[in-house]
Amino acid sequence: MDIATGAGLLAGLTVVVTIILMGGDLKAFYDTHALIVIGGGCLASTLIRFPFVAIVHGLPLGLKFAFTMRSTTSRDLVDELARLAEVARKQGPVGLEKVDTDDAFLAKGIRYVADGYDMDFIRDNLERDRDNFLMHLDEGQKIYRAIGDCAPAFGMIGTLIGMVQMFSNMSDPSKLGPFMAVALLATLYGALVANLFCLPIADKLHVKLADEETNRTLIIDGILMIRDSKSPTLVREMLLAYLPEKHRHEEGEPVPA
Amino acid sequence: MDIATGAGLLAGLTVVVTIILMGGDLKAFYDTHALIVIGGGCLASTLIRFPFVAIVHGLPLGLKFAFTMRSTTSRDLVDELARLAEVARKQGPVGLEKVDTDDAFLAKGIRYVADGYDMDFIRDNLERDRDNFLMHLDEGQKIYRAIGDCAPAFGMIGTLIGMVQMFSNMSDPSKLGPFMAVALLATLYGALVANLFCLPIADKLHVKLADEETNRTLIIDGILMIRDSKSPTLVREMLLAYLPEKHRHEEGEPVPA
Amino acid sequence: MDIATGAGLLAGLTVVVTIILMGGDLKAFYDTHALIVIGGGCLASTLIRFPFVAIVHGLPLGLKFAFTMRSTTSRDLVDELARLAEVARKQGPVGLEKVDTDDAFLAKGIRYVADGYDMDFIRDNLERDRDNFLMHLDEGQKIYRAIGDCAPAFGMIGTLIGMVQMFSNMSDPSKLGPFMAVALLATLYGALVANLFCLPIADKLHVKLADEETNRTLIIDGILMIRDSKSPTLVREMLLAYLPEKHRHEEGEPVPA
Amino acid sequence: MDIATGAGLLAGLTVVVTIILMGGDLKAFYDTHALIVIGGGCLASTLIRFPFVAIVHGLPLGLKFAFTMRSTTSRDLVDELARLAEVARKQGPVGLEKVDTDDAFLAKGIRYVADGYDMDFIRDNLERDRDNFLMHLDEGQKIYRAIGDCAPAFGMIGTLIGMVQMFSNMSDPSKLGPFMAVALLATLYGALVANLFCLPIADKLHVKLADEETNRTLIIDGILMIRDSKSPTLVREMLLAYLPEKHRHEEGEPVPA
Amino acid sequence: MDIATGAGLLAGLTVVVTIILMGGDLKAFYDTHALIVIGGGCLASTLIRFPFVAIVHGLPLGLKFAFTMRSTTSRDLVDELARLAEVARKQGPVGLEKVDTDDAFLAKGIRYVADGYDMDFIRDNLERDRDNFLMHLDEGQKIYRAIGDCAPAFGMIGTLIGMVQMFSNMSDPSKLGPFMAVALLATLYGALVANLFCLPIADKLHVKLADEETNRTLIIDGILMIRDSKSPTLVREMLLAYLPEKHRHEEGEPVPA
């Protein structure tokens, strides 16, 4: 669970609801027209913009990854892979069968080693999995960004439609106010969808994409070294050298050797 | 038929029509002035911006490719080319004459092999065709993007013209409303043309351009290998290696060898 | 004559005039204030922005090239150069004196060969000419783009000045309308100058710049080969190889050898 | 203390307060709604956008570095490192124990040398420290820029909420004024937060980031040369050669040798 | 004196004053609030954004170079350097002492040669001077661009403050007009400062920066060749070869050798 994403969304909603309630009631801020034009417009332009399969995979995958957090850091992964190398060394590949792990991708790699597949097969399959996964996550990121970019435009379209109706139908200028309020809601919805949801989510996915690429490549390299019966010490050392600088040192406080 | 493009456009139109009907009738949203200024303005600036021949080729080509979908994936193409290599091997180039295929570009390549042209001629002609085609598709993409960029500006121009007339002619302030409604329609049309049609189409063409380049290059390579009497196995293997990662594996679920 | 540029401008003017006449008369859309602020503002900022000599050369050169079209395509140029090589071969350099050509740059090159200058002199002079010309055309392009970028800002400045006067002088609210109309004209003029004239012209010049570079380099290479008494066949072959892909094949329909 | 940052902020506040007081009193410019929507909205979107740990480290670090100034220039650092090399040469590494320095990073390096750690350990630890520090400072910069980018959007959201309430609740048009004033405050707050605080701070951090990278790398190189018992003259010479041109010469007036 | 910059600014002021006078008097367009908010806001954000020393050097240096023009073209500089080489050859370095030149940078180089400094010293000092100068000019350019970017934002802030006061204080709707006029003046000032002054100046400095780099590097190379007692012919030839294409040929009309 990525608490920051949830907390941010909750904070955003709380802020919006609070200032609405401070000035009146929530009912004045619900408008079916505005919901339809923002939701429908973004859906329509996304359908045209992206291949259907990318939308189906990317949207939920993006949401899932924006709200969940890898339970293990890169550093933990290195430790776990070294531990697995230890197991594989003592008990042979068969020993890995009883090993339990949270990470589905790592679990698949362990199963391959335990089942005795050769290195090329393991590398090909895991790399294909990683690339498919990263591609879908990247598509998800692009879709959230595209929605964040077009939501304000559809908000403006909704407001324009509302204003045209208001101006063309009004016989009684005193009713201009409530009509105007409804017209502005579409712009408000568009701005909220973009600035409080889609654009921040896209930015977060951008960061997670880089992390996942590091971690999955790390797992592939570790699994292949375990398959190759490398010693746990060598596994740890080589994987640490592979890590980008910022993942290598978690503590930050150097201790004299 | 690329269902997503059509579905997206249909969804967009439905949304717009729905919320218009929820608040009144469609008639209030038709305005000849606005149609002329958006259509005419975009046409005029496109005529100045792009060479005439690029407009004539690019616009319909772009539309066609935005709405149609290659019936065959890259993976299917590799299979088809391997099948053709099989045919050519068993029956000689002449056997290709009876082969039937959906893809016009592939069909032309097959005809060249069947007719016994030499490799240089086939490569030159097919590459020229591919480059011409990609150039026109790219021009189409750029034209849709340019229209999507200038449509809102012409919408604003239409609204300004309407407002100037409204302000300069009004003797009766009570008529300001309907005039204002008409003036806003130009902005609305411009925003719809850009955000619901031109910009998504341009984005979709951008993706298709990359796919077509992959597929046509694949076909050229395959045809040349068939002309060179390579074995079907070799054809399949080399073409698969050629595919970018994301086209190589369609199923995503690895099966143990 | 580049018909598309003229046709586009004409179409744009027609559209604007048409919708103005549909809603009233043209007189309401003429405003000296707005003309002065757009014209003067763009002139002033362009004077500050670019060296004086660049403005004097670039503006008319850009206009000329936006409205005229090279009568010969790159392909035609290759043919003409091959024909000239034929002449030079049969009658010697002197034979080139009687040759007539539309292209001033090509004509200068021919004269140099006919007059018997050595290769270094010809190359230096023609390359200097080409580079000077391209530099001025590029400056013209940049100036049109800069004007297109600042015209809307000066339109806004004009409108602000008009609105300040309107608000500060009004004693009679009923006159607000006509004042407002005049104020909006500056914004309208700025948007028209930018979107219907300057930005499309700059885009067109950007394309022509690349074409001219190709063509003039082609002419220089051809002239030098003629000076070097290369055979017409070799001239054609080497120049065709030089052409970028899109100029090489005009017909698009391959013919079996 | 970086006086410019403080002076700039003070000047900005003074300007805003002055012109407010010139036209009325400050009270009219305080609005709890606007404060909540800008503060809460920026907080919410920042929480979603960045990892929690980056916010916690980056925000205060950025603020601290925007307001403080390195007491020593790069040139001074070279002099100090040469002086330390002198000390280390005369009294041995132990002599460095009594050395006093303002710069915490330099102090840590000196302690390592005095404690006799080997070169690899010192380099690894100092480089890790430097990279961690630069990463956090860069995150701080990005966060301030992101807030500066979204603050105007949340200002608009606050204004829209205020206007919707104003239009939907108003029965008495004469109260429209004060409601409108409050609605505009959110836009005003957003513009002030972005243009007077966040964006300039982000720009300043961008400059400081480059300076800190230069200085800390300089310190690491100097410390390692001191550990390696290089002569003070060599230390000074090599570090000066290392400096980018603009730090190398402080005085600007050359003196004849 | 760079006449274009002065002429442009004068033209801009004339245009603005003219259209103001055409519609009323200048007094309505002077507002102390607006002056304070634009001037103070830009000053404050610039103080935060740039190091103090960069502002102090960059702003006046930029202004000076925007309004003055190098009296000598690159071509003239080459001629002058060749003439100096002639003098140095005939009368020895001492002969340069009596030479008079307009260019301060060239004069300093001549003095070094006349005083008999060695080549390394001359090169180091002149290059340091050139780099310091170019750095300050570049900072000046960046500061003018930054002011041009934030001036419209502070204009909007001023207008918002004015509108808030107007809406919150108004009891008499008939006074809304003059208040509104004053509020709009801040936006007008911001747009004028940005579009008529800061952004064009920044663009001009960008061009001058490249020219000065060429010229000063040319002078350094020439001075070093004179110090090395190269022949005037060689000096001219090597410096001409050094010039970028556009400075090499001033006349544009080639003359047969």
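Order of writing sets the labels: A, B, C, D and E. Residues in every chain begin at 1.
The criterion applied here is as follows: a contact is a pair of C-beta atoms (placed from the backbone, for glycine too) under 8 Å apart; a residue touches a chain by one contact, two chains touch by 3 or more.
Quantities reported herein were computed from a predicted structural model and do not represent experimental measurements.
*Asks:* Could you run down the chains that neighbour subunit A and subunit B together?
*Replies:* Both-contact set = empty.
*Asks:* Interface check for copies subunit C and subunit E. Shared numbers divided by all numbers used: above half gives same, below half gives different; which is it?
*Replies:* different
*Asks:* On C-alpha atoms alone, could you tell me the rotation angle mapping subunit C onto subunit D? Nearest 5 degrees is fine.
*Replies:* So the copies are related by a turn of 145 degrees.
*Asks:* Mind checking the centre-to-centre distance between subunit B and subunit E? Centres are C-alpha means, answer in whole Å.
*Replies:* 48
*Asks:* Averaging over Cα atoms per chain, report the distance between subunit B and subunit C in Å.
*Replies:* Roughly 29 Å, centre to centre.
*Asks:* Would you please write down the residue numbers of subunit B that are in contact with two or more other chains?
*Replies:* If we look for residues of subunit B contacting two or more partner chains, we find none.
*Asks:* Have a look at which chains touch which and call the overall pattern line, ring, star, complete or other.
*Replies:* ring
*Asks:* Starting at subunit A, then subunit D, how do the chains run round the ring?
*Replies:* Counting round from subunit A, the next being subunit D, yields A, D, E, C, B.
*Asks:* Which of the residues in subunit D end up touching subunit A in this complex?
*Replies:* Going through subunit D, the ones touching subunit A are 32-33, 36-37, 40-41, 43-52, 55, 115, 117, 121, 124-125, 128-129, 131-132, 135, 146, 150, 153-154, 156-158, 160-170.
*Asks:* Flag every residue of subunit B that touches subunit A in the complex, lowest number first.
*Replies:* Residues of subunit B touching subunit A: 3-5, 7-9, 11-12, 14-16, 18-20, 22-24, 28-29, 66, 176-178, 180-181, 184-185, 187-188, 191-192, 194-196, 199-201, 203-204, 207, 245-246, 248-249, 252, 254, 256-257.
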